[in-house]
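Shared between the two complexes below is chain A, which has chain B as its partner in the first and chain C in the second.
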Partner chain A sequence: MNEVKENMAYKPQYGPGTSKVAENRRKQMNPNQKLEKMRDVTDEDIVLILGHRAPGAAYPTAHPPLAEQQEPDCPIRKIVTPTEGAKAGDRVRYIQFADSMFFAPSQPYQRTYTECYRFRGIDPGTLSGRQIVECRERDLEKYSKELVETELLDPARTGIRGATVHGHSLRLAENGMMFDMLQRSVLGEDGIVRYVKNQIGEPLDRAVAIGKPLDEKWLKAHTTIFHSLGSTAYRDDAEYIEYVQRIHTLRTKYGFLPKEA
Partner chain B sequence: MAKIERTQKLFLKSLKEKFQGQDVQSETTEFYKFNGYHQSPRKEEFVKASRAVEMDRGISMYDPVRCHLGGIPLGQRQLMTYEVSGTGVFVEGDDLHFVNNAAMQQMWDDIRRTVIVNMDLAHQTLQKRLGKEVTPETINEYLHVLNHAMPGAAVVQEHMVETHPGLVEDCYVKVFTGDQELADDLEPQFVLDVEKLFPAKQAEALSAAVGKSLWQAIHIPTAVSRTCDGGTTSRWSAMQIGMSFIGAYRMCAGEAAVADLSYAAKHAGVIQMASHLPARRARGPNEPGGIGFGLFSDIIQANRKYPNDPAKASLEVVGAGTMLFDQIWLGSYMSGGVGFTQYATAAYTDNILDEFTYYGMDYIKDKYKVDWKNPSADDKVKPTYDTVNDIATEVALNGMEQYEQYPTMMEDHFGGSQRAGVLAAACGLSSSIATGNSNAGLNAWYLCMLLHKDGWSRLGFFGYDLQDQCGSANSLSIRGDEGAIGEVRGPNYPNYAMNVGHQGEYAAIVGGAHYGRGDAWCFDPRVKICFADPALKFDFAEPRREFAKGAIREFMPAGERSLIIPAR
Partner chain C sequence: MTEAIYPQVRIVSTRFLRPDTVEQLLNRLVQVGGILRMSLTGQNLPVTVPYGPARGKPNLHPDRKVIRVGDQDVQLQVQVGNVILELEDESYIPAVEEAVDEVFASKDFSCTVQRGRFMKTQPTVSDYAKYGPDADKEILGLVDPRKKEGPIIIQGNK
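Our next item is the complex of A and B:
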């Protein structure tokens, strides 16, 4: 995992804003802030949800371990330390999330920024209804554990979905669960959410429990999405609005006449 | 920026119809109980039709139970109907795919099969080179001959094959001029009378712009442009023009002067509806990717019919533009996908963009005293960074808050690209109508995108976001290698060429700048006059209403083949 070095000339700000939403966003992004652990999910269960390999199976490889193959004389390779997955020659695989706009703890760009600050060797992709992060398989399993076990996930409003992600903007079901056409996860009578299919929708041999949904009060207090009814209205964070306007104006001016006035 | 009060919610009726018996402001609902696709009468019809096809051809076809997600048919949530904005007509989503909608097909057919050809060059050749007399009488005779020849009939030759008039009934030629005296001397059946078709102020401006020139508005048969392509239109037209001149003016078919007529009809005097595209796009003229946004806003005629409502006029361009550029151009020509319809329809269904845009109208009237219902260049707001930022920010925030307060509306626009396009269009239209400056409108679009992305931490899809995150920098950049003002930009502008959910809205933003000023046209007065023709199959003053008619199967298109196929 990453952490910000003390001797950096530049101190990251992790985004503007004076609101609670802005503060929550900065907290998720800042690798020096420990994410709150909300649940325990075993390594084997993570592998089951991901669906890329059978638990206990060897990692399939895309190339020989770096130590065994002839590496070119490359200055970049000397600077960048390979991740464990890269060293071993693992395949690149993925985990993909769908985050409900009804106060899921993280949201697509927020996830991407957070992952970029906290993880190494990743390739995130950001859309409106889903956010994917790809990396070497054993690195992915390590990162996934953090993404699933911590405050970045709510079992009811965060979906782990490889395809057919439809649901992020739909009303919630009456039991509080986000819509999932494949119903990969179900809320049991005991109040615990269990994955009965892996992220691509293949049925699991056994259900994987990921805990109870977080309560509404907690979700709204920790939300990273502006909302005029449920959290902070976007217009009420004047610093945030002014920041976006400033970025836009500077980009416009630079495109029009790319030199300082 | 400061929120203003607006109690009218244009989308409420749609939401209540779509989600009948439900609280449209509730954050919860029920799923998985709708019996899959069976809830949709149209999809039931598809299944029935498919069974008949399968019995006939012996090859399997539409089978949502077996083939969708390995046995889970769509319809696990409520499949919604849609109100075509501004029409009050509710339709099935499927009926807004252009394959299922004859009006949509005809709109594009009517553009692709149109060219405008100058007559002055030919008349000069006839008069100065050949010493022939050209009078209103000879022009009338020529137009009779041309309306015989243009659909595909012989003029000069013996033993010719000809086309069946019943198959090419949509093909004809009219003329227009700014010279009212000449127009009055021509047979009314052949004349697009600017004074009768346009409001007085617009007619005066259009006539002055066209002057004494005489132009032919030519529509070749739909069946021809469909079988061939847009590049055929000027060729087919020029061939019949040449033959008609030979026939009407008793010329020698082989004399050298014919080459002058041909050159004028094929090149020198031709206004194509779209420029040809570079080799990597591989399309000739009169194909959608080459239609400039200003020209497209002239094709759409809502500002002629509704001169005192620039918002409505612009929204009609949005509807027509998203259909053509998203559903047909990017969706099928460029991508081959079927789902592009869903992006495009968000901008012209359920009155959501309409509501956001009229909020913008209220705002520019309240804060900047723009009397938008009386379009004029006199009360436009100076397009400064401050004013564009202010208008775009307020309209964007209002729209986002509406989505937040009406979860059913969020569910209606279930994709981020849908919401992004609609919000940014409202911002762009509000700014362009307020300032009368299309590039100010485009600039407002991009601020909205950035605000949206940061507010909800999401926008559209990968490429969609790319286009919008670099858009601020090119909205006022006019460089030889990549730019022009909005009127001259088009779907093939480098930063616009890739992504659904933009091009129709950009066209409307360009149009809005001119509609807000009360201009008679945006880019080319000849195109504005040409598409004012009430004889066209598609009514370009009411594209959304025409789409609705197509959806409920009340639109009668051209290009029928029933005359030459076995009766069913």
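Our next item is the complex of A and C:
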């Protein structure tokens, strides 16, 4: 994992804002801050949900391990240590999340920032309703475990969805689950959410339990989404607005290529 | 197409409804009577996975169920979010509101009844281009008129 070095010339701020939402965002982004562990999911469960390989199967490779192939004489390759997956020549695979606008603990932009600060060798893709992160397969499984087990995920309002992600901006279902056309996760009678399909919608041999949905109070206290109904409104965080307006003004002015007099 | 003289209401809940709640609500509405047409709207629940790597595989969705309304079986094809009703006259609206309040009294979320015009009154040029001149005007604007299954007719109590 990445860590901010002690001897850096400046202290990273991670983001502006004085509100609780801004504070939650900074907390997720800061790699020195340990994310709260909310649930236990086994490695096999993660492999099942991802659906890229059968549990226990060897990792298919895209190229021979780095140790077995001739590396070109490149100064960058000498500086950067390859990740475990890159070293072994794993394929690049993905995990994708959809986060409900009803106070999910994270959201696409936030996820991308968080992952970039915390993980190495990743390629995140940010969209309005979903966020995908691609990396080498064994790194992916390690990172996915962290993304699923910690406070970045709520079993009801976060969906692990490789395809057919629609649902983040819709009303919740009666039982509090986010709408999913393929109903990959089901809330059981015992209040535990189980994945019955993998992220692309293929039925699993066994259901994967990922715990109970978090309560409304916890979600509102830990959300990273500004929401004028029921949570902090964006306009109430003056510092955030000031920062965004400053960036907007500067980049607009830069479009005219101003020259210093 | 709807006649402009008939009043319409839309029942909107703050959550998507479970099939058993829909069944309960519709049966209560049927008791009220005076309903000419009814349309259930919401997110589509397809029979097979429509796209992605699992395209074409069966999509077993627990909310795609057959419910019993009045004397008819109704296959739900959507996760019901709104119910649109066309009524005989305005005198039925208070009874519809009462029925909705009754059904949602035990729920921890609210449901409102809105008055307005929610069904199409006139075919558009796009409708003409898509469905041709002979499209069934009774259901145009509510569902795809090319669908093989017609509307479900629930016998009234008159």
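The rule is simple: the second predicted complex is superposed on the first by the 257 of 261 C-alpha atoms of A that agree within 3 Å, B and C clash if a C-alpha of one lies under 4 Å from a C-alpha of the other, contacts with A are read in each partner's own complex, and residues count from 1 in each chain.
The rule is simple: contacts are C-beta pairs under 8 Å (C-beta built on N, C-alpha and C of every residue); 3 or more make two chains touch, one makes a residue touch a chain.
In this text, all values refer to a predicted model and were calculated from it rather than measured experimentally.
*Asks:* What does the overlay on chain A give for chain B and chain C, a clash or a fit?
*Replies:* In the superposition, chain B runs into chain C.
*Asks:* Have a look and say if chain B or chain C is in touch with more residues of chain A.
*Replies:* B
*Asks:* For A:Pro203, select first, second, both or neither according to whether it touches chain B, chain C, the two together, or no partner.
*Replies:* second
*Asks:* Pick one for A:Phe179: touches chain B only (first), chain C only (second), both, or neither.
*Replies:* Touch partners of A:Phe179: chain B and chain C.
*Asks:* By the touch definition at the top of the document, which applies to A:His227: first (chain B), second (chain C), both, or neither?
*Replies:* first
*Asks:* For A:His166, using the defined touch cut-off, is the partner it touches chain B, chain C, both, or neither? Pick first, second, both or neither.
*Replies:* A:His166 sits against chain B and chain C alike.
*Asks:* With both complexes overlaid on chain A, does A:Gly125 touch chain B (first), chain C (second), both or neither?
*Replies:* First partner only.
*Asks:* Considering only the stretches 75-83, 147-155, 363-371 or 435-443 of chain B, report the one that runs into chain C.
*Replies:* Between chain B and chain C, the clashing stretch is 75-83.
*Asks:* Looking at chain A, which of its residues have contacts with both chain B and chain C?
*Replies:* Comparing the two interfaces on chain A, one with chain B and one with chain C, the shared residues are 164, 166, 170-174, 179, 181-183, 201.
*Asks:* In the complex, go through chain A and note every residue touching chain C.
*Replies:* So the residues of chain A touching chain C come out as 162-164, 166-167, 170-175, 179, 181-183, 186, 200-203.
*Asks:* Which residues of chain B touch chain A in their complex?
*Replies:* Counting only chain B, the residues touching chain A are 1, 3, 26-32, 69-70, 72, 74, 76-77, 385, 389, 393, 397, 400-401, 404-405, 407-408, 410-411, 413-417, 419-420, 443, 446-447, 450-451, 453-462, 465, 470, 472-477.
*Asks:* Once bound in the complex, which stretches of chain A touch chain B?
*Replies:* Residues 25, 101-102, 107-110, 125-129, 164, 166, 168-174, 176, 179, 181-183, 201, 224-230, 233-235, 240-241, 244-245, 247-249, 251-256.
*Asks:* Per the contact definition, I'd like the list of chain C residues that touch chain A in the complex.
*Replies:* Counting only chain C, the residues touching chain A are 13-18, 21, 43-46, 49-54, 57, 59-63, 79, 81, 107, 109.
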